[in-house]
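Here is the structure we will look at, set down as C-alpha cells.
Residue numbering begins at 1 within each chain, and the chains themselves are lettered A, B and C in the order written.
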Amino acid sequence: MLKECFENVKACVPLVHNITNYVTVNDVANVLLACGGSPIMSDDEGDVEDITAICGGLNINIGTLNKNTIPSMFLAGKKANALGHPVLLDPVGAGASALRTNTALELMKELKLTAIRGNISEIKTLALGAGSTRGVDADVADTVTEETLDAAVSFVKEFARQTGAIIAVTGAIDLVADDKRCFCIRNGRAEMGKITGTGCQLSGLMCAYLVANPQKPLEAAATAVCLMGLAGEIAKENLLPGEGNSTYRNRIIDAIFCMDADRLENGAKYEVR
Amino acid sequence: MLKECFENVKACVPLVHNITNYVTVNDVANVLLACGGSPIMSDDEGDVEDITAICGGLNINIGTLNKNTIPSMFLAGKKANALGHPVLLDPVGAGASALRTNTALELMKELKLTAIRGNISEIKTLALGAGSTRGVDADVADTVTEETLDAAVSFVKEFARQTGAIIAVTGAIDLVADDKRCFCIRNGRAEMGKITGTGCQLSGLMCAYLVANPQKPLEAAATAVCLMGLAGEIAKENLLPGEGNSTYRNRIIDAIFCMDADRLENGAKYEVR
Amino acid sequence: MLKECFENVKACVPLVHNITNYVTVNDVANVLLACGGSPIMSDDEGDVEDITAICGGLNINIGTLNKNTIPSMFLAGKKANALGHPVLLDPVGAGASALRTNTALELMKELKLTAIRGNISEIKTLALGAGSTRGVDADVADTVTEETLDAAVSFVKEFARQTGAIIAVTGAIDLVADDKRCFCIRNGRAEMGKITGTGCQLSGLMCAYLVANPQKPLEAAATAVCLMGLAGEIAKENLLPGEGNSTYRNRIIDAIFCMDADRLENGAKYEVR
C-alpha cells in the first residue's frame, strides 16, 4: 500500500495549491518539494481560482487567516470542487478563537472536503462544537492514548461518516479514518511537537498524496502520516549532541527528501481498526 | 537570578501571542518552542482579542506592519492590558519611515507596555523623536561602546522612567533597564547581526520570560538577553569551516533548545549599573 | 569582472528594499546579508515610499501578490525610478494566472526596470503574451538547452532591446543579456530546483549587485548569477549522505556567506555571445 502511494507521488509530481499561514509556509513548500510534489502559494481573491485550476489539489490552512484570505479559501475551494480536485482543510487553532472555529465550520459546510487534518482538540471542536484548544496545540485532556484509543477510533469514524471526509487526527498515536476503517499509526517522535509547523507540513504532504492517489484516498492519507512520522524518527536518530529543534526541522525534511519506498514500507507502524 | 527565571519558563510553558513580521516569524516561533514556551501568531482584527485572551503575553513587532495589522496591534494590546498580560513592543525600523515611527509612538501612547526592545537607533527615535535608523539596523554613530556606556545607561534609565516600561537596547553591549537599575550585558557575537531576525527572536524570548516571571520583569528581560547572547556564543563555537549565517541561525536556536540553567548562570556576563 | 563586482558589494553594503512573497522572504533576507548587503522588507502603501527612499535599490517579487501589495509595488517602483535606484522585477508565476501576468506587464509598462529575472516560461509570457508556466516552475517544453541556445540568446537580447532592461533567464543554462551581449552561464546544479526560492534569492542578490555596481549593470547581474550557481555547486559538494533539500538550502546561503572573490572568479563558467 505505502509503496504504491509513495511511487505514485514521485511519478505524478502533484502540483498543490496552498492557502496557508505565513509562519510555516516555507517549510510546507520545501516538504512538498522533498516528497516529489510541487508547491504554489496564492491567497488573493483575484488569483486563487486561476491558480487552483492549474493545480491538482488544494491545501487550506487557517493558521493566520484574515479578512482577505478567508474569502479566497471559499473561492478556491469551490473552484477545486468544481474541478474535482482533492481539498484538504487544516483547521489550525479551531477552538482557540471564534473566527477560527466559525471559519472552519463554514468551510466544512460550503465545501466538499476530501480530508480534514488536525490535532485532537481541533477535530473535537469541529465535531462537537466544543473542545479546549491550547493555542495551536492539543489539550492534554484530549490526548489519544492506548486507553482511550477505542473510543477515539469510534469518534473519528463517526465524524468521517458525518462529513464524508477522511479524518486525520495527529498526536502520540495518529488516526486516519473514513467511516469504515481507521489506520492507527505509531510512527513519529514526541520531539516533533517542539518544531513549529510539523502539522502544517503533514497537511501539505497529505494533499500531494491525495492528488497522486485518487483511487485510494484513505491509504494515501495514511501513507503521508507514516512518511512524516518515520521521517521524524530517522531525523531524531541523525541528530547530534548540541542540535535542537531548528536542526531537527531541517533533518525531517531531509529525511523525506531521501526516503525510498522500501524504507517507508518497512518502517511504517500501523494497524487498521 | 538567571537560573530561577530560566526554570520558571520551563515550568510555566508561557503561551505568547505574536503579531509579528512575516520575514522572521518562523524563527520567532521556533525560538519560543526552543526556550520552553509556546507561540501563536494571529494578526486579524477579528481574531486577535480571542487569541490574546488565551495567551499569557503579547509580542508586538512592527517589522512588516500594514493597514490591516496596525489596528490589530492596538486591539490586541488593549485586550492584553485589560487582562494584565505583559505586552512587549519591538519597534522595527522606527526612524526609517514615518509610518513605523508614528505607529510605534502611538502604541506607546495607547498601551501600557511592559517592555520595549530595539536597537539604539530605534530606541533613540522613540525617545527623542529623532535618530538615524539605517533600514532595520542601528546607525554606527549611535552605537553603545565602553566610551559612551555611562551616557547610554542614563539615557535608557530616563526613558524607562518616562515610559514606565523596561527598555532593552541590544547591540555590542546590551542594556536592559528600568528607572533605577540597568543591566549591562556583554554576551553575544557580532556575527549575529549577519542573521536576519535575531532581534525579533529575542523579543519573542523576552516576552516568554516576562510571562513566566511576573514578579521580576527586569530580571526576566535581562535573563532573556543573556540567554540569546550566550546561545550566539555557543553556536559560533560549534560552527564548522564553510558554514555561514544560515547554519548559524539554526545553531543559535539549537543552543537555546539545549541550554540548561547552570550553563546560562555560568556563561552570563553582566553588571548592574 | 566578477571580482570587482563582488568586492563592490562588500564595500558598499547595499541596502535593498524588497516587496516579496512570504514563502521565501526569510531566505531572501539571509542571502542578502550573506552576500554583504542589507535587506529591508516593507509592502504597505503607507510605508514603501519612505523605505525605498533610504535604500539603494528595489526588488519587486510577485510570488504572493495581493490587492494590498500590488499598489505598493507601483508606488515604490515610481519612487525608486524618481530617485534613480535600480529596480528589479521577479515575475513569479507570470503565465500561471491572469493577475500575475497582467500585474507583471503593467509593472513593465509603468516602471523603468533595470532588470527582469525569471524562468524561461515566465519571461516568454512577458515577451510573447503567452507561455506555459507550470505553477512557479518552467515548462519542460520551454527549457533552454545547448540545441536551443542560439535561438534563446537572440530572444533574450531582443526582449532586452524592447524593454531596455537586463533580462536574466535562469535554468539549466542561465542567460543574462542586454540588447548587445548575452552571458551564457553554466554554473549551478539541477538539485537547486528542489529548494523553494532559489530564484527569489537570486533576485535579491542581483538587486544588491546592481546597486553596488551602477556603472556595469550587465556584469553585475551576470556576477550574481555566477555567484548563486557556484554556491549551489559548493553546497552540493558539502552535502552529506542523508541530507536533502532543507540542509542544501542552508548550505547554499552558507556558501555565499563564505565566498571570496578569487573562488568566484575561478569557479564561474560563462561565455559571452
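A few remarks follow.
Basically, a residue touches a chain if its C-beta (ideal position, glycine included) is under 8 Å from a C-beta of that chain, and two chains touch if they have at least 3 such contacts.
Treat the numbers as computed from the prediction; the structure is a model and nothing was measured.
To overlay chain A on chain B by their CA atoms, one rotates by 120 degrees, a value rounded to a multiple of 5. As for how the two copies chain A and chain C face one another, under half of their interface residue numbers coincide.
Distance between chain centres (mean CA atoms), chain A to chain C: 33 Å.
Within chain C, the positions touching two or more other chains are listed as 22, 26-27, 68, 249-250. By the touch criterion given at the top, residues 21-24, 26-27, 63-68, 93, 96-100, 134-137, 194-197, 242-247, 249-250 of chain C touch chain A in their complex. Every residue of chain C that touches chain B in the complex is listed here, in rising order: 15, 22, 25-27, 29-30, 33-34, 38-47, 50-51, 54-55, 68, 234, 238, 249-258.
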